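Order as written gives the chain letters A, B, C and D; numbering starts at 1 within each chain.
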């Protein structure tokens, strides 16, 4: 483990002419990157541009087909993530890559345990882990298995693991995708401190705000190539977007058009006293036809829980749901789906994608399940659907038959969204639907969703990106500490007040 | 007085023969008014050892068992001796350094059975002088005591004889299914050149008979068949003229066991080896014998 | 691929998807198993004179190849059911026991005993055969339901859940027969295991029929998709609205049903039911067949055809060992070596051992 | 892994056990006690010290094997070859002593190395050639048994003084005695527990079982660990073989038929998930004791025929697993 000693003038890390092809896809061609000590360098690009692949190449997950990697001036070719770590490159990959069965503490320290003469020193490990997480203001029981915590927490754990490896290069692939504003600010504070210590930080995100908030330098990738490297201060947002997209498209902001100030029609769904011990205190919530209902709250405020209860993914132990005339509780997702509800989970990897099945199969899955096992959707029809959505949402894939697992993160997310849209539900529950989706696609998707609402579909929208929620929702329900603490209609809240409300400072 | 308690550890129920053996022992025990503690080892030696240990713990009067395999009994038998519990072996010997570890062995002698089969074949050969007889052999489960001993006895007898030549030998694992499968393969490989089949037990012979018939040959005529055990099925086959001879290996050891146990406890002297009289059943007498077969 | 990501993207794949699907589903995964089988057969042709010899004996084909097919039939059936179980990331080690049970039930019901009256053997049959067969398969169904309930209902781990029946099932069979081998004397029953139809073993036709039915089901319904989904990611499957529990339950039932049919074939073939030995270790051979056929025990993608070929590989190997005159004590070593060889030749790692981390 | 990593609340399989791996193990112990109590009530002399200690003596080899199996299963694999490797080691040991006249110490050392190498070879095949553990070890199982018969199809008696001594020495313990073999088994268990809990290797095993891909991404030496795990399992099988040789004083190709299943059952009953990553090595002991107790119960009953023996074993297994399952689910909900 090399701790950062000198901040040499030259780049610590330099990649040039990197090529990487996968069956059917040319992921990287002539890709490159220069990383200087003491800078935060942001890697931008659309979904499937090749960011993650580039990172995986330089950390030894993939071996490049061609190209050079120079660390401190000498050629290196890490053959494994272990070697990369030993070279002083510490990484957080896009999908959380931790062990669900191990305790939080262990996930942070595995491979680098504090020891006593008697082996692993669990006490010390717990203490240090708790302390590390507290730096990120996460206060959880680090002895619990990681799988007990929501994605956001897992994300933070992964980050603190990477931070804890004293390295000269720190790489973060979309670390903020599932974090909320507060968490992001915390992360940035830490990053700035490390930058101050001369560490070179590579950062991937789709949020323009974050990019400009933290980065000194920006490398834009497009279709696996390095489009260019710019100083953040010299590149306007619009210019950046255009470089990513590759045409003089209109800026991202306009891409996400305003949703209607639409007050919704008749009540579609009304839940009374819906709750579950330990997850959510009983609350009432109603959703009208054709409206976007936003759920806002801090991490762990219980938004996902509410969503899961509404969808029957977890059984509510109190309350009932009135929909389509009759009142019931959903015991299984099937019931909810039958009642015309769709649910796009926040945990893409474990609750969404069937990784080794094709894009087509993943896409028609819910529809087929709805149709029942016997009434198979004709193959032609499946292809038609798949192609349409691939085109519609601009999903970047070699073909509709490629396994979804080999798609880029954002593109996977789009496929899963399509899975539910295909069932055209009356109510669509979107938990962090825009996670890991590039700025342009995000606009497109939100437009698409609001368009569907105009056609009468209702949406329950959960996102840690407050601006997005504010922009899209007709009404907002605020959750705090797993209980409902307010309901507001569009306009009642703005970027400033909403923060107070969810943090519980407002009167 | 309180009834005699015998702990008996049986090998398993791997064959009809074995089941008949179990039945005989249970019946005899009931008849002799003996309390029988019966433990089935599912063909595993370690289970037998466990059973014997538990018999010792239960302080039975006599321990009897049919060893899965000869070797490996010293330790546990010592414990039995230390607990002053006499041990009787049935149907198989054990090789222990100190023969005083058991009082007697009741039962058949696999090697002798092999020899009997061999002798019958030698006589059979005499009847067609000058003709060499090609033999195929269906062995029992590889490594099992009966398989090894029966083969040994058989080979010993036919060794010198120029007329008898073993073409093929393969394991039929003592089962009908395997016996049939292997015989099929033999028939494909050698067809009519096979004159004799020697099967280590009746079940394999019965399986093989089917294979021979399906090959369009006449079991018992085109291919003479010698097997061992003398179970019901064998007799049916012999009556139908499909099996030439079955060497008896009597499972009916119950009465003798009970008698021996009583004698031991009564302190009477008993022979180290109690041989059960066993006969050879050629097809000719099968029909006559059939009604008085108990298994 | 290199088109900029605009709202108006050309439909991604120009290549029509159908042939690609073919190549994924059929030729590619099957290639290696087929090759392995071919090599094995080639060896036989070289070393065993008259291996290909086929004569007509009383109206049906007769020869080594027929033997292999006939003997492989039960294994093929077992492998068929096992494939689906494995696809759901499960395993069923009770197959052998179910074989014993169904065989026993059938044999006992049809049964028949030989009575001697003045030296002349006479046979008497008991229950009508259709009834007996139905009962046997019914027993198998019950076993399947039992396994399914434990795995899908109680969520026991498949291997333990089925271990219970593996142990107890054989016991039940022996209980029925009192440990005796039940011999059947009723001619029509033998057709199942050793009869011939259009010159080929009847058992083979049964296998083909089942294969056909399952094949159609998988093709015409979404069964295949659902089974894979459940095998790969049960959580996601449930959230997508698939009846995971029901599906898993049915798969185990089907597996046992196949085992039951295999049991009928076996007992019919040897004209008797041997509760203690029938189908011993069949589960292992079935699993072996499935994996040799290229289906992963981790669940998900599966290939029925592959499993069938796997079964043929195993049976051919057994047959070869017998007819090459390999001494019995060497059998296992040979089998082991061949299995290693086949697996290695199939492994992705074998080709790209040196450039493993692509 | 998927089932294992549901966010809090979702109900499926993994969740129950996940909620408290130690709980399942605890349940096992409790049920074991109940089982013993039942035996004691039903059969006089069942609860005597020696009967309890016999559980250890008679199952020492199984315990050692189960420990090795525990690691393999925790790493998300499986090893079917252990039973045969055990038999092979008894055979090789017997042969070396009997025919080659090696000194006993050398023999023991040799067979242990043999077992470890055998395991390592399987591990290498599994990792570097990406073969499936089940199949590789199944073939390994055939191979090891086959090799036994190549040495000799008959059983070979061991009369070496050291082995005999090891077989007949009685280490006094609470009013009874255990065999040196049992003592060794317990020591192995203790070491294994330490390794699984306190060593980097042990933790890596858990990580790989939890999610191999992630373990790789976290920079753990996945390949080395996996090979080592199988090597360790092979070693345990060999050691089990040595203990078995002590126990039986013979080498035989048919020894320990089907022991691999017993070991797997023991590990799983001990509360370890076959999918890997969840459970405790210590569970092996409770698992083994449960199986042993069932056996002893049957022996004490002394009326069961072969088939009833099987049925009863099955029934007890069933009751056991179900109760265990229900209790751990209950614990998860409350």
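In this text, contacts are C-beta pairs under 8 Å (C-beta built on N, C-alpha and C of every residue); 3 or more make two chains touch, one makes a residue touch a chain.
Note that the structure is a prediction, hence the values are computed from the model and not measured.
Taking B-C and B-D together, the chain pair joined by more C-beta contacts is B-D. Remark: chain B and chain D have CA centroids separated by 34 Å (rounded to whole angstrom). The centroid of the Cα atoms in chain A and the matching centroid in chain D are 43 Å apart.
Mean C-alpha position of chain C lies 29 Å from that of chain D. Looking at chain B, residues 12-13, 19, 22, 142-143 sit in touch with two or more other chains.
Listed for chain A are residues 61, 80, 313, 350-351, each touching two or more other chains. Multi-chain contact residues of chain C, defined as those touching 2 or more other chains: 174, 179, 232-233, 235-236, 238, 328-329, 331. Pairwise, the chains that make contact are A-C, A-D, B-C, B-D, C-D. By the touch rule above, chain C contacts chain D in their complex via residues 93, 150, 154-157, 159-161, 163-165, 167-175, 179, 232-236, 238, 275, 284, 287-288, 291-292, 296-298, 328-337, 339-340, 343-344, 347-350, 353, 356. Of all the residues in chain A, the ones that touch chain D in their complex are 61, 80-82, 84-85, 93, 97-102, 106-107, 110-111, 113, 118-120, 145-151, 161, 276, 278-279, 304-305, 308, 313-315, 347, 350-351. Taken together, the chain D residues at the contact with chain B in this complex read 43, 45, 48, 50-51, 54, 57-58, 61, 148-149, 153-157, 159, 164, 167-168, 244, 247-250, 252-258, 292, 295-296, 298-300, 302-307, 309-310.
Against chain D, in their complex, chain B makes its touches with residues 7, 10, 12-13, 19, 22, 36-40, 42-47, 49-51, 53-55, 57-59, 68-72, 74-75, 78, 95, 97, 141-144, 148. Of all the residues in chain B, the ones that touch chain C in their complex are 12-16, 18-19, 22, 139, 142-143, 168-171, 173-177, 180-182, 184-186, 188-189, 203, 206-207, 210, 214-216, 233, 236, 239-240, 287, 290-291.
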